[in-house]
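Here come two complexes built around subunit A, the first alongside subunit B, the second alongside subunit C.
Entry: the complex of A and B
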């Protein structure tokens, strides 16, 4: 029996096209699980939301690459700059 | 190569005529002269060489006792001193393909030219294609004589000291090596010709083959989340501060595991990011951005998950060839399995 993996990535499209099954949309490449601009409290809450989404993804059965987006009420995220 | 060629051949229990699956556990046996496909090879060699010995090993034995098997095979070479090692063809037999690949890779490491053959989707290809010359075959042994003849042609080239041409003209599976060379037409013309052929529905050959990612079936969580052990992995290049393990910032050959029992959060005093593919300062200031230990601890304390796994796994995921990544991933999976991990969260930068 395999081990389910939830992959958090800001370049989520790449993760999906290369075959990762549970992909969670991260914030930015440089700070995937949060956003320092939000200040400590909101930053932590945002990171928590991303990690909770990853846990939900792990509980969800998927049949192929699937994107899980942290709640829409999360702070707006800019497009990423690949580096 | 001056003088007649000395060849040592490798086959499994089936092609060695010992027996089928019930004999898959036989250890390495060395028989004098050619046996099975080695006889075809001997016919092609004619007076040009001799198959001195045929090494036979059971498929299960080889894969379960790999080190012992390889050491016995190597010992046989020390006695026979072959100029060439031939293994297979393994067709679509996975264990046999892995054995043939391992045998040829071992020969190459000792400086003995080696050739094998198998189906392009044999796991032996995935593991050894970069180290070993492999002739592609169909799935079943019906074309055995043609395959052995193709192996022979390449073997002649390997032992003659002549330069090996590209995979597409020589007929072996590409090893993913690029060499600088001159083509008769410039790139723009070749590209336009290729496009025109494609539009006309004519055959064309790409110069940049696309390797489609392998689809891995999704595993499912076998335990309630509140009982589950969750591991954290980061490809963001998380390292203990000052890089005591001398980790590299890209194309890593290995990953590192670190214990986090009793650790509530990752701080910039103890950890930092070292990764050649993104701006590291933000993650160095707060390493939880690339490995969310503080968040997962919070959820652990609330009983959302059973526990955070004792070890975290990290490496810089940049400039790593797919084959190497696959190997590293398999090792991680083994380690996680042994640690009783139920699921992982992997952060990729």
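Entry: the complex of A and C
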């Protein structure tokens, strides 16, 4: 039993390919955990949703590289296996 | 679109009273050319130095190498669009080139001020590094140039590259009224319709997302470096320098793009082995998975609409740009276009695959070796007698100290043979 890891990535397919078990879909390469165009409040809320999804991912058992999407209706823990 | 390329081979270069080419000897009027460079008020310092193959010389840092070319007949100018040059569509008429000579852009001007992307390309004119870098076997006229430091970074980049093009233009102009010793016609003639229809998909890194630079850093298309949709080129446009500009690898200089062996080989086999349909330039380093997949899909769509049955795919970068490239390959294969992928490989001893995202459709790969130069067994590169450019070279993983450029030095970080110039041999095991 190792230490569970959740990785937030804008280019999530790359993370899945390289063997990361819990991958959370980030926004863009320039701003992975938010979107400054949303303005400070919504940017913060969006970032919080991404981080919460990541924390939930840490508590989720997975059997291989799995994508977690913060945009899906909360709580986002629908796991999609990488192709 | 018919283009005649007239080649003037250069066997030696000397400084002299007049810029002229005669029987392979290129004479360069140094002072006159430097006056032209210095007449741009943005230029603070400029000098010209010669470096010849076999000399114990290191050129540091190298931002670009340009082959002197000039349009003698037909519309437009060579290397169009960049540095405010004419954007008239090129590729027709007659173009002269000086072969065997490079105009080297030597300057400390950074690409941008966003961090990263350091200048680290250098040329050795002798020794092991020189043997695998194509531009090391040229007679290199080095333009050592620094702009007014008070200018913005884009203006400094523009001024420095413009200085190099000024020198290149002056050299090539010496051939305008002479008959070229060698001539070659490039034309996409009607061919036997049963020949396989092939496109060349040329993936070009865009700096837009990382540096915001609109035009002055990275290989440009008619001067633009932005993220653009897939762009269809006639190969003649590329031979006239429509895809050009300073870049951060030794294998994607302006000289490299104009002498791309993958492009030239494909073109020369048009009508014999292939029906060459054209070149699709696809920009990479979009910053979401969606954008990367969309640009891949759209590239494959353009290829399909052209009627392609086969595609040669190359790229010029590393890292996340690979997604656009490999997904383009996948989208082509899924729409029935067979692909061949020319690429270097990552270190096979790490945990990541040698290709970042291996897809089953990538079943025809031509490898040009590992891109990490430290795996080539060249360390350390021997010291040299003379340095052109900066005698001090930034060093260390943290880039926190300077060492004498004359060396000895560890091999450069990357060896990126994007277009198959390779002088390396390989074994399969």
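To be clear about the criterion, the second predicted complex is superposed on the first by the 70 of 83 C-alpha atoms of A that agree within 3 Å, B and C clash if a C-alpha of one lies under 4 Å from a C-alpha of the other, contacts with A are read in each partner's own complex, and residues count from 1 in each chain.
FYI, a residue touches a chain if its C-beta (ideal position, glycine included) is under 8 Å from a C-beta of that chain, and two chains touch if they have at least 3 such contacts.
From a predicted model like this one, the values you see are computed outputs, not experimental measurements.
In the superposition on chain A, A:50 makes contact with subunit B only, not with subunit C. Touch counts on subunit A: comparing subunit C and subunit B, the chain ahead is B.
In the superposition on chain A, contact is made by A:4 with subunit B only, not with subunit C.
In the overlay built on the shared chain, the residue A:61 is in contact with subunit B alone; subunit C does not reach it. Looking at the shared chain after the overlay, A:30 reaches both subunit B and subunit C. In the superposed model, A:39 makes contact with neither subunit B nor subunit C.
In the overlay built on the shared chain, the residue A:17 is in contact with subunit B and with subunit C.
Subunit A residues in contact with subunit B (one complex) as well as with subunit C (other complex) are 10-11, 17-19, 29-30. Residues 10-14, 17-19, 25, 27-30 of subunit A touch subunit C in their complex. The residues of subunit B lying in touch with subunit A in their complex are 213-222, 225, 228, 230, 236, 277-280, 282-283, 285-286, 288-290, 292, 294-296, 298-299, 304-305, 333, 336-337, 341-349. Subunit A contributes residues 1-11, 15, 17-19, 21-22, 26, 29-34, 36, 44, 47-48, 50-52, 54-55, 58-59, 61-64, 83 to its touches with subunit B in the complex.
Considering their complex, residues 209, 287-289, 292, 320, 322-323, 351-353, 356-358 of subunit C touch subunit A.
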